[in-house]
Structures are given as C-alpha cells and as structure tokens.
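After this come two complexes, each holding subunit A, first together with subunit B and then together with subunit C.
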Partner chain A sequence: MTATATNTTPLATGADARMRVAQVLLASALLLAAGKGLLPQVLIRPPDWLVWPFADWINAFFAFLRDDLGLIHVTRAFADGVEWLLDVTANLLYGKNRWPRIGPIPWTVIAITAAAIGYYLNGWRLALLAGLTFVWVAVMGQWEWTMETLSVILVAAPVSVLLGLLTGTLAWKSPTFRKILNPLLNVAQSLPHFAYMIPVVVFIGVGPKAGAIVTIIFSVPPMIRMTLLGLQKVPPEVIEAGHMAGATRWQLLRHVRLPTARSDLLVGVNQVIMQCLAMVVLASFIGMPGLGQKLLQLLQGLKIGRSIEIGITIVLLAVMLDRCSKAWATKQPEHLEKGTSWLIRHRILVIWASLATLFWALSLVFPLLHEIGRREAFSLSDPLDAIMDWIIVTLDPITQWLRWFLIVWVLIPLRDGMLWLPFSAVLVFLMAVGWAVGGRRSALICLAYFGLIAMSGWWDRAMITVYTVTFAVFLATLIGFPLGIWGSRSEGRARAVLLVCDTLQTFPSFIYLIPVIMLFGVNDVAVVGAVVLFAAVPLIRYTIEGLRGVPEAQIEAANMSGASRKQTLWSVRLPLALPTIMVGVNQSVMFSLFMVIIAAFIGTQDLGQEMQRALSSSDVGKGLVLGLAVAFMGLMVDHLVTVWARRRRKALGLEA
Partner chain B sequence: MPNKAILPAAALALASMSAAHAADSSDPIIIPTHNWSSQIVMSHVVGQIFESMGNSVEYVSTDSQAVYESVRLGDVTLELEVWEGAFGPAFEAALEKGGLHDAGDHNAVTREDWWYPAWTKDACPGLPDWQALNDCAELFATPETGDKGRFLGGPVDWLKHDQERVEALGMDFVVVNAGSASALWAEVAAAERDKRPVVIFNWTPNFVEALYPGEFVEFPEYVEGCKDDPSVGPNPNATYDCGNPANGYLKKAAWDGMPDKWPNAYAVLQKISFTNPQIAEMAKLVDIDEFEPEDAAAEWLEQNEDVWKPWVEGGA
Partner chain C sequence: MTDPAPVISCRNVWKLFGPRPEAYLAGLDPQASYDAIRADGYVPAVRDVSLDIAQGEMLVIMGLSGSGKSTLVRCLSRLIEITGGEVRVEGQTIGDLSEKELIDLRRSKMGMVFQSFGLLPHRTVLDNVAFPLEMRGQDVHTRRARAMEVIELVGLGGREDYFPRELSGGQQQRVGIARSLAIEPDIWFLDEPFSALDPLIRREMQDEFLRLQDMLGKTIVFITHDFDEALRLADRIAIMKDGAVEQCDRPDRIVMDPATDYVAKFIEDIEKARVVHASAMAQPVNGHDLTGAPVDGGKTISQLARLLVNDDRAILPVSGPDGAVIGALDRQKALDVLLGASE
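Our next item is the complex of A and B:
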C-alpha cells in the first residue's frame, strides 16, 4: 500500500505478494465450495448465534427516541413548520384553501415568470425553454398535479440547501464532526429510498409534509458534501486578504469564504434539485401529492400513454431546473455604468411585472388563460399507446424466445448456483478480491460488509439481489460499452448519446416496469430488463467521458508511431480511459441496487420484496436492516473500484 | 360477529346524537386515497358530500395497509373501503390498539380469489371448477414453472395463503407472486394479445371486470374454520383447503375523535352504503371514460342524487 511509483521494485513485489495471498484465498474459497458436502452446517449458512437481532435493536432504539425522549414532539413540530410553508406554496400555486388565500396564480402568469427568470439567467434560449415547459404542462392538462409537485419542491429544495449549508459549514469547522459525518453520508447516499421512508412515516405520518421531509432527507447529503468541498478549497490568499481587511470570523465566512466557494455551492444546489425530482414518484408512496401520485394511478390502470406524458413533464421540469441552476452557477454579476436609470437597470423586472399584471387581468376575462381543464387539454396518449403497442407486438416473438432462453439456461442455473454456495466460500472469495485489489485492509473491509449482511439473517435474499445486480451489470456492460465507444467518436454523437442518457435517467423508473412486464411477464427476466435500462446509463456516460478525456498528446503520439485506429483504441485510449470507465461501473452497480429494489413491484424474492413488506407494515428496524444490507453491497463495490482506480491512475501517471 | 361490530357503532351513534346540534369543526376532514380507482372516486364522492354540507375536506394518498395506523392517530379521519380479505387483519390489529372504530358496512360484498379472463375458458372448458383447472395445469405452464401451471398471486404482503391452498388441495400449480396490482393487470393485458390462458389473483368490485370479463375459480366452498382447523374441508390433514369467502365485508372505519369533532359528517358517514354496481360505476367513470377522479365523483353525484340525498337530509 505504501509503495509508490518512484521506485518500481517495491511496487512490483508489493503487487506480487498481494496476488499470492489473493490466490491462496481464492483457492480456499474454491475448496470450500467444492467440498460443500463435507462442510459442517455452520459454514454453509450463518448459524443462529451469528444472526443478531439488529432489527429488534433498531426498533427498541427508535421506540426509545420516540416515546422516552419525546423526539416525536420535536419531529412533529418541525413537520408543522414545514407544513405551514407547504400551505403557502400550495395556496399560491394551486389554490389550496390556506393563508395567504391569493392563489391559484393563473398558468399564464407562472409561465411568464419562468420565462423572465430564464431570460435573466441566460438569455432567450433559456427563457423559451422555461416558458414552453409551463405551456406544455398547461396544454396537456397537467397543471394542477405539476403545481402540487412544485409546491413541495419549492419548499423542500431551499430547506435542503439551507440544512446542507449549515451542516457542511459545521463539518468544515470541526474535524471530529467531519469524521463522524463522512461515513454517515456514505451510507445515506447508498441507502435505498424506501429505507428512508419508514422512519418518516413513523415520526411524521403521511401526506405532503412527509413527502417534503423525505425529499429533504434524500437530497441533503450532496449539498453537505459540496459545501464542505467548496469551503476546503478556498485559497489561503483570499482568507489573508479578508483578515487584512479586518473581517470578523462571521464576516469572513459570510462575505469571503461562502462567496469564494460559490460555484461548488451552486453545483450542490443543482444536485439538490435533481434529487428532489428523483423523489417525485417515490415520495408519493407516503402521500406526496402531484405528478408522482397521478403517475402511479395511471400505471395501475395500464394507461401507458398518459403515464409517458407525465414522464415527459418530469423530464422537462428537470431539464429546465437543471439549466436554470447551472446558468445561475456560471452567471457573472452584471456591471452597469453609473447613472444608468432605474428603468434600464431593472428592465426585466419591469417587463415581467407589466406582462404578469396584463395576463392576470386577461385571465379573469378568459378562463382558459387561468386554467386549462382536462377536457380542453390535448393528449398524446393515443399515438403513444399505439407506438407502445406496436413495439410490444413487434418484439414479442424475440422476447418470447429470449425469455425462455434466459430463464431456463441462464437465470435459473445462476440463481440456484448462488443459493447453493456456502456463505463461507462467498466471504473468502470476496476477501480474495479485496486482497488482490487493495491488500489486507480492502480484504477486511469486504469481509466486514458481507459479514454484516450474513449476520442480518437475510443471506439468501441478499444473494438473490447480488445475482440480479451482477447479471444486470454484466448485460449493461455488453450494451453500454460498445455504445460508449461508438458515441465517443465525435462531439456530435457524444452529445446526442448523452442527451438520451440524461433523459432515460430522469424519466421516472416506474414507467418502465409495465412495458417490461408486458414483454417478458412477471419473472426475473423482466426484473433484469428493467435494471439493465438503468445500469447501462452511467456505463455509457463514463465510457464516453473517459475516452474523450484522453489527452490529445497521447493520441497524437500513437498516431505518429503509425498505430491504426483500432490499435489506438485498444492500446492507448481504452487503457487510459479505464479508470474513468470503472467509475461508471461503480455507478452502474449503485443504480442497479436502487432499481432492483423498485423492481420489487414487478415481483421478486430478494431484499426488495422484504423492503416492500417492511414499508407496508411500517417496520422501521426491518426496513433499515434491509436498506443497510443493500447499502453495504454498494459500499463494498465502491471501495474496491475507488482503490483500484486510484492505483491504476497512479500507475498510468494520470495522478500524482 | 356482526353484532359485535354493530354495538360500539350504535353506542357512538347515541353519543353523537347527544351532541346533535353541535356544529362540525372547521378543520378539514382528511380522507385517504389509495392506488385503485373505485376507492379514489368513492373518497371524492364522500368528500364532495361533506363539502356540500359545509365541511372542508382534504385528500391524502397513502399506503392501503399503513393507513390504519394513520386513522388510529387521527392523521387521517376515516377510511372508506376496508376489505375483509385484504385489509381485515390490518384493520382488526388497529382496532385492538384503539383509536379507530368500525363505522358500519357497505351493502357491497367483496370477493377475492383465483380468477381467469374469459378467453381462458376456451382452452380449458371445464372451468370454473377448480379440479378442471387442475387438469389443465399444463396450459398455464411458463418457463420458470416447468410443466406445472403458474398461478400469479398478489404481492406477498397481501397474505393470501395461495401456496398453502395449492399444497392442501394437491394442485399442479406453482404460485408466483407479482410485486404490485399493476403487475397483475400488465400480465393480463399481455396475455390478451395472443389469448394465452392465465390464472391470476383478482377481486370484485374492480375495474378490471369492465376491461376484461372473466370468472372466479370455484374452489371448495369456504366454511368457518377451514383456515384454522385441518379437519374442516375436503383435506382432513390440511388447513386452507377451501376458497375465500364469496361474500366478504366492505366496511368503513373512522377515527375515534370524528364523532365529536364533526358530528354531522359522522352521522352521514354512518348512513353511507354503496352497492357493488355503484362501486363498479365509479371505477368505470375513471378507468374507461377517462374522467379525473374529482370530475368522476361530481358526475356520479349528479346522476345518483336519489341515492345520496337521503343520507344528508336525514342527518342534519
């Protein structure tokens, strides 16, 4: 581990020693598996004394927090505060009967406001995007649901940003707090969404406020990270200058450090917004109103066309908010000459105010400018349904065969194999992988993560999850890797492929479930199919970014030495891009783990199915144990890939 | 059993009578909605009835199992569809903990059991008899079930004991659990394309009846004790050797605080009773006629004034 690239000999021997230990471990894993018949039961499945009642402990802890410490009063008070804010936005946006009782604001006025903000941030194109997004929403008759969704996001995102800023600053101030916070954030970011929801139901209840709070919890970690990162990056010279100007500590933070970290903070804001949109559908399981709830209802009635319309709206909102927040991040302050009149300085404000007033007045005369009801609205659902039908019918012969082949020859044998393996063999095998990648420390980390999974008592189900995810990531690599290579050939292609990736990723995952069932039926093929769709996205993205990020000079050198295009790809570009591609693999595993939990709605027998049960019985302990089991799988892969990529980058001289 | 249910309801009714002329609180009555259309429309129908009486109403979408915990705590005020088969256990568990009570039955009866779409009968003419179904088991085989038939059950947390039944009756079927109701419908929709025989878990009243006509499989009739006592039913050594009750209850449940806080609305709630056709009609307005739930409720109320007006007028 300590060997560095300065001297090649210790590096080589270090690697050799590592490999030897790994080989020994691998051999013992194989031996354990081969000799399964001779093994005592203790080594085949975790014995009772090894399975600890974590769920009961967590439940006892939560009961203590809630009832003895009275935390429920605190959370309910916080929830009431959030609810008050939600009522205000709800009144303004869709006229819920609460203070200030002004709303609902006509859709035309909101569209104009969005366009004005877009123009202010980045000119005409963003103005068009923002304005037209709202026109689409209104024309498609989704106004009320969209406003319900936005009323929650408008509260959740700022609260989340504020909390993130606060926690991030605290973490930056106190190294101890940072040490505690870091692993917590790691776990929080790999915990499946459903695991968060159960405690929220217990402490907050259901409804819009619960939806808002689960969204806040889910979106706050990236903000904390970006705040910490931004503050740590502030150069000492800037602080010096602040000191010299005689700034107090608070002034230094408020006027020097935070503004200098601005771009990192705004990246955090952007991530918060994206996470909020990702929660739109999931949070509706605990009562968040709006698009997500409507989407689930429509899917229940197999109305795919109309669900896709809602999916498009969610994507449009995401793109718009993403562009706006990015434009805000890069926007430079405007400097106008002294003496410019007030009207010119505030011309956008003036134009907005007059247009908004005009249209508000007009909307009182023409109700269509105020709200477009479902009956007057357009719908693309008929053509969309027809397209979906056509796709399914055309693919049917292929999918029937594929389904039979995959189930009989691949999935069932694989699954039975995974379940047949003694747990000790799996643990030793993972240690071998860990040792090969990062030596003893990594081996122990692998053992700890999967050892805990074994101790949770969910070993069999965890293995089914592992099998689904492994196979899905494997398929995703087969698809994503060539596509990524193809996409990296030119700037135009890259942009087109990345656009498709972004869309696939923001499109609500639930919509995929129904067509996948129609194609493959309720079985593991459908589950794998749904997961692959998600797992391929980061692979394609990072393959493209890795390949396009290879330094020009290296490629030129290869060309000069007369390498063919194929040779350059295989011997120069791919090896150099591999560390970045592996980050893609890492993310692919993360995405698969999230998706495999959602795929429980198709019908699985893995951790996801139990998670669903835990949610419907509000069992906090069980939900968290299952969630942590999933998180540990992700964290183990993350650890291995990070260590491997760092080592590889060093060896390639890409990083000191 | 029915007596037990009626007594506390009657006592509460008396209690609310004594507070007869007290006005309803101006706080909103919170009605939970779930993920099937008849329940959503019914919630809006009742909500709009309450609104017509001057109450304010809010809707919140919740999980259909977890909702009883919320009713108990008063986070939501009532629940309009308590299905005996699906939610009976959750409801009774909450009843035991206290905080909510039985607010009377609907006229409608519910049934949940194995079900097949009409085209299945062409391939297996002996249906709906369960033995005939068993003889056709191979028709229902899928790659993952080998040569046994596949029965697509509901999500495991619905606790339907299909596996036990298959074993008790010695059927050549494998139970595969779908993860959600949507998955069940998607499977039927896919089967319709090539008229493939399928047998799934289904219930009535349900919108699917309107989209895909079909029938329930007739299992040995349900008798009291068949689920707990091995000696009851055709197989003397096994429990669950019978179908589900063909006439389960459909109840309303209310938060214990409701009669005091909204006495007038509560009085109406007790009178509310929908029939199977009325519930099917509500679902149809959304699922087939593509109304929004709010509009569907308004439409239904307009067409059925003679049904609901008496509930309100008698109550005030």
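Our next item is the complex of A and C:
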C-alpha cells in the first residue's frame, strides 16, 4: 500500500516528522478517493480473498466448546443454580409458586423496607426517594413487571459482585493473568449489549434464566476493574502494619486489603447494579419479562403515554439504585456514645421491623395494601397521551421539516458519501490520523482495527454505523460543548449541571428512545436523535470538569495579565481543559456506538440491524464478528484519544 | 552497653534495587561507590551495613530522605528481603526463617510504628489495637482486655470506640503506638513515627515516648530525619548517607568527634553544650591537681553553665554516677564548648 512507501522518510523524531508522514498519508488517501474511477475493484471494496470466514471459525469453536468439551453441561448447571435463586426472589417479590412460598410480600412492606434502607444509608431524602419510588410503582399498577425486573437484579448483582471480586483478586495476585485479562476486559467493555446475548441464547436459550445470565456476564467487568484498582491502591504502610501484626496471607487479604479497599469495591458494586439495570431492560429482546419487555411492546405499538409511565418507573428505579449504592460507598462508620441502649443503637431496625409487621398484618385485612390490581391502579396515560399529542401536533411542522431536511440533505448524502468511499482510502486516512497522533505504532493500530473490520465482510454496514456515530457525535459536540462552557461559569451552576448529567447517565440507554420516537417516529432521524441525546451527556460533563479543573493559579495569572473573560476562556481554560474534554469525546463515541446498536430495532441498516438478525437466528459467529467490529471502532477511538491526551498532558506539564 | 549477645545484629547487609540484584552484588567490589553502582543501573538502598543493637538499647537511625534508613529498618524486620549479608535477631538468622516462623516471630517479639500510622480505616481504635492479638488467635475477651490496657497506657482511654478518621494526627499515632505494644514485643521498630505531626504535638509525643520507654525498657530501633529528635532520644545514633552508615556512636561522641565531613556538616548548627555531658569531656586524672567539689558527670555542659562561668578553678573534678571522681574537666575547654567557639 502507499503507506509503506512513506516509511522511508528520514528517521527524524518528534512532532514535525510525524506531521509530515501524516500529511503524505492524508494526501494519498485524498488521491485514492479522488481517483476512484481509475482504481481497480480490489481497492474499492474488500475482495473476496480478503474476507475471512471468521464467523464460521467462531461457530466451529463454540460448537467444539459446547458439544465436544461438554461446556454446555457446565453452563446448564450454572444456569440451574441461577434459576433456583431466581425462583426464590420471584416467590418473595411477586409470588411465583416456588420455595420458600411465602411471597408475594405486600407492596407496602417492600416500600417500607426500601425507605428504611434509604434512611440507614443517607437519611431522610434518600428514604423518601426509595419509599416513594415503590409507592409510584404500586399505584401505577406496574408492580408485577417491576418486581420481575427487580427479582433478576437481586440475583444478578450479588452474583456479579462475587464473580468480579474473585476474578479481580486473582488478577491482582497473578501478573500473568492480569496481562491476559486486561485486553479482554477492554474488548468486553466495548462490546455492544447484543453481542453478549447471542452466545447466551445458544448456551442457555431464551427466557428469564438467560436474561439473568446475560446480565451477570455483562456487569462483571467493572467489578473486576474496581477490585483490581482497590487492591492496588491500599497504602503500603497499612499492609506492612498487617505483616508486622503477624497476619498470614489469607488474614492479610481478608482483614487488611479487602476492607481497606472498601470504597473502591463499593464503587464497583454501584457500577454493577447500574449495568444490571441497563442490561435487564434490554434483555427483553431475549424473552426476559418485566419492565423492559413491557416498554418494548408499548414502544412498538407507539403507545406513548403508557411508555412514558414505564419510562418514569425505570428512571426512578435507576436513580434510586444509583443513589443508594453510592451512599453505601461513601458511608463512613461512626461510633455511638458509650452506654447507648440497644434500642437506640438499632433504632432503624426496630422501627422497620415494627412497621413492616404492622403493614403486613394490615394488608391481610385491606387487600389494597397488599396488592393494587390493574383495575384500582391509576394511570396517567390518557392525560399524558393528550399532552403528547398536543406537543407532537404543535411541533409537527418543525419536526416534519427537520426530518425532511436531515434525511434528504444530511443523512442520505452523508451515508451515500461514506458508502461511495473506496475502503483503501478510508484505511489510509485512518493511518494518517493515527500517525499524526501517535506515530507509526498508532497508525498500525488504526490499520489493524479497521483492516479487521474490512476482513469481516461487513464493510458497508460498518460504514453506515460510522456515519451515524460520526454525525451524532458531531451534533452532540455542537450541543454539549457550549452547554458545558455555560455550565462551568460558576461553582453552583456547575454542580447543578453535573447533578443533572449524573442522573441522566444512570438512565438505561433504552429510555432515551422514548422521546425521540415520540417526536420523530420510527426512522433514521429518531436514531440519530437518541444517539445525540445519549452522547451529549458525557461531553457536557467532561467539558465542565475540565474547565473547572484548571488550576486556580493559572486563572489568577491570566486575570492579573489583564485577560478578559473571553480571552481567559480561549487562551487559558480551554487549552488546559482540552485533554479532559477529549476523554468526554471518547466516552461520547463509546456511548454512541452502544446506542446505535440498540436503536437497531427501530429500523437501521447498520451493523446493529445485522446483529438483531443474528440474534433471532442464534448465529453466534456472526453476532460476535459484528460485535467485535463495533468494539474495534470504539477501541480505535479510545486508543487515539488516550495517546493524544497523554501526550498533551505531558506537554502541558499536567502529568509527569 | 557491652552486652555480649546483641538482640539484633546485622553483618554486611545490602539491599539493591535493579534488574538482577543478587548476581550483580556477587560480582561487586564491596568498596564500590554509590555513584558507580547507580551508573550500572542499580539503586543501593542499603550498602554494606553492619550494626549491633544491645538488649534495652535505643538506636536511632538518622539520615535525610532517600538515605536508606526506612529500607534498613524494613530489612531488620524482613518486611523486605535483603540482597546480601545477614540479619540475626536473638541469634536466629531471619533470612532463613520459613513464612510461618517469621509470622510467629512477629506475633511474639516485634512491634512497629509507621510514619503515616498504617491504621485500618474500618476498625475502631479498640479493634485496631487488638488486631495483632486477633491475628494470633486470641479470644475476644482477652484481646479486648489487653487492648484496653495499652489504650489507657497511651492516654486514649474513652476513645476506644472512635474510628481513625475521627481522631487527630497525634491521637492516630497513639493508636499506632498502642497497636505495636499490644503483643508486648521485645523489639520495637519506629519508622519516623512523629514526622507527620506538627512541631508542638511532636514534642509532646517525644516526651510520651520517653515516658513509655522508661517504663517498658524495650530494645528500640527508631528512625528519624530530625537530628534534634535523635539527640533527645538516642542511646546511640547511626547516621546514614546513600545507604551506608557514616558513623554510629553515642550522641556526644558524634558531636565532639564527627567521623566524616558529612557528619561534621550535619552537626554544624547543633548547640553542642546541650548534647555533650561533662563525663564525655573528662580527661584522665593523671597528675592534675583536683580540689573542691566535683561536678556531676551526667550533666550536660549547658546544665553546668552557671557553675563553669562562676568557678575559678582551671581543672574541675568530674564525678561518676556513684559519686567517685572519674576524671578531670578543663574549664577553659568546657567554656569553649559552651560559647560555641570553633576549634
């Protein structure tokens, strides 16, 4: 390829030489694109001999694992264990007829329990949030679906935490294992949700059991990471103190390292819970009952009011679970005065126990306190529908025009342009970017990632994904960047905007589809809209964090040099904040990729659509190849941004 | 201190950091300089150190940061493995101990206090102090009772239910001290225990420490970078530079007779009269005409200042601890020390 010819430029090091090579590469890419008419077919689309049957190999490998190695017995056994646990929570929460046969617990008791946990973790406000969430669920008549969802989380989250803790500890113990695990985790964390589902469907089938297992697998990686991080962060003196106290290795791990890493481990728990919720909602695609399934049905039936109700429930659950687990992570032990009586020491427990008993007894007399049936339940769907209809009708001229404009003038031309490009030009262009950012190594990494995508045989589909993501991130930047700058103006504003961003980030991705489908209907514009919404959040967040994180001394120096606010922003704050902002761009791309794939069910033509097909035909090989193609896009961007940001930080002296 | 069997004895101890330290040390000239070793890509944190620490002695290891003093104390307790040489504790070579034997040794004989305390954040004061006892499997009641005893001893009675973050720095270090004393160790390592505290608290903790030591009489290895602290506490001081011990001697001998230029520079600003005892300046009696009341050899020159200035004898008799005359003090020389005249 043309790239090899440029390798022979003098071995000058440093930015200049890098830029020169990058320019040569860029010029060749442009040349390839401009001269498309003259190019042989081999350089326009990957020829057949370049497309390798990865999917067949993966299928053969999985068949070998499943049948020859008998892994299916292991997975089935594990699945049966999980199913038993699921039956227990299902019985307690919504009265499935299984051991221990004491459920369903009355909704009032569950609401009181949640409030008590909230109070224990962070006082009144969290108690109110937790309690009222369940009151809302019960009153809106969504109890059973919510409990179906929760019963899975209640099993999946602890199992994930345990698995993550074990794997993380092993990785911490063995550097070799860590070296193998790290790239695997990188790939695992950039694989789209659906890529996880297909193998699970093959090994376990569909239904709640499969939903729980895919949830477990999906949410383990962050726990592994946080366990590793936490264990590595324990101060050496604490460990030496343990040694000098004569602790054996096991005692050291059990009594010194793990408890000292508590905060990091609990941050891991928080991430696990949030991942679980996001996945459990999506698992409706493989037959997981609960809120996700209901939402999917309602969205497909375009029942906007009812979907908003479910959406509110999911959001409330997400916020509640997030706040509770975060409060747990930051909760510090406190001592009580000497001589405090048992009753006061355990007053929350006592109050909870008495209230729970009282309401359980009451619920036997008043069935409404036990369960609110569909008939007694409230529903906001009629007024909501009316409001939404009004909004849709009022906004219709705008949305109509926007839809027309975007589809005809932006999306279709962009897509066609992307598809028109010869694949060789794209590869050389990416190498140019890689070379500009990180020299030869980065150029080769970019080539490898996209080269593999070309070899997967899904080039056209991948380009559609690339175009959606690029355009969406571009729009997200246009929105997020000014909002971030606006939000960073004052401490109070920054805190408020960050709180909103934090809250939005806890929402499962599925939720973002509700408003855009409502406004734009089922088409490409809705997809782009959902992706933009989803991707703007991390951008806003990191822009604010970057701008607020600029050292005070630099700003004071700029002020004393007589810089105006605008000058300070452009010449001091932004350059210093840019590395952090780029981390936001990176996350934004990641989020976009996830969202594009999820949005496939409302009709796209990209990799996600193919993945849906692979899911319905249980084609593991195809599914994983597609998943990896998406992951490679994310990993390439991640590599570029990380290298760039590190170099930039070093240049700015922000990092040694 | 001429105890024939030292409690801790180290011979030619080396600790090198680098790619293949053992092999490198085997081919190394023992006289090689610090810079030569650095040039070969190795960091000699501890360089050919030989020391003996006697029963009940307090040895202060003193040096600037990076001089290897913390590494040396970790070699003595085998928190890190040494590259060459030998460390013996009560006659046992600790490098040869199995993991289990080492744990037993620490559970019964050693205590250590750390610069940033090393407390377990999730445990109360009581549970932190009881931790070493818990590790060796003592039951809850005995270990709580013992922990309460040491908590009272370090003056934290009433705070036993607090968590470390609810305490001030000085109090946290008291917890660290209590924890290290819980198992009644014979050997007590203190790694810059007061460096993280502010000056007033530091002074208070030093007094507290001297009080404890008077009561307990342990064998102590104390690390500090503060020369005043070293002078206040030490029976002997070992001054380290670039991993090697420059001089190891009694404080007044170091002040009166520095072995190297480095040590001399160190003591330049020290007020010698506050360190040097009359006995250390006493010369043999031979032939001197000693008259009048003797001065107490155990007092420092600055404590004797008024007497030295007012007395008119040229030579003063010096008495030992039992009151007998042990030597003669040249009043003029003593006044030179008192006035800080350079020799």
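Note that in this section the second predicted complex is superposed on the first by the 608 of 656 C-alpha atoms of A that agree within 3 Å, B and C clash if a C-alpha of one lies under 4 Å from a C-alpha of the other, contacts with A are read in each partner's own complex, and residues count from 1 in each chain.
Rule of thumb we're sticking to: contacts are C-beta pairs under 8 Å (C-beta built on N, C-alpha and C of every residue); 3 or more make two chains touch, one makes a residue touch a chain.
Worth saying up front: this structure is predicted, and the values here are computed from it rather than measured.
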When subunit B and subunit C are modelled together on subunit A, clash or fit: fit
Which of subunit B and subunit C A:603 touches, first, second, both or neither: first
Subunit B versus subunit C as contact partner of A:336, first or second or both or neither: second
Contacts of A:214 with subunit B and subunit C, given as first, second, both or neither: neither
Contacts of A:407 with subunit B and subunit C, given as first, second, both or neither: first
First, second, both or neither for A:300, with subunit B first and subunit C second: first
Subunit B versus subunit C as contact partner of A:523, first or second or both or neither: first
Apex subunit A: angle to the C-alpha centres of subunit B and subunit C, given in degrees as a multiple of 10: 150
Partner chain(s) touched by A:127 [first = subunit B, second = subunit C, both, neither]: neither
Least C-alpha distance (whole Å) that remains between subunit C and subunit B when both complexes are overlaid: 45
Contacts on subunit A seen with subunit B and repeated with subunit C across the two complexes: none
In the complex with subunit C, residue positions of subunit A that touch it: 235, 237-238, 240-241, 243-248, 251, 255-256, 259-260, 262, 332-336, 338
In the complex, subunit A residues that touch subunit B: 97, 201, 205-208, 284-287, 289, 293, 296-297, 299-302, 374, 392-393, 396, 403-404, 407-408, 412, 513-514, 517-519, 521-524, 599-605, 609, 612-613, 615-618
Touching residues (chain side subunit B, partner subunit A) in the complex: 30, 32, 35-37, 40, 56, 60-63, 65-67, 69-70, 73, 75-76, 142-144, 152, 155-157, 176-183, 185-187, 189-190, 193-194, 207, 286-287, 292, 295
Parts of subunit C lying in touch with subunit A, wherever the complex brings them together: 74, 77, 79, 103-104, 106-107, 110-112, 114-124, 131-132, 134-136, 158, 161-163, 165-166, 176, 179-180, 183, 189
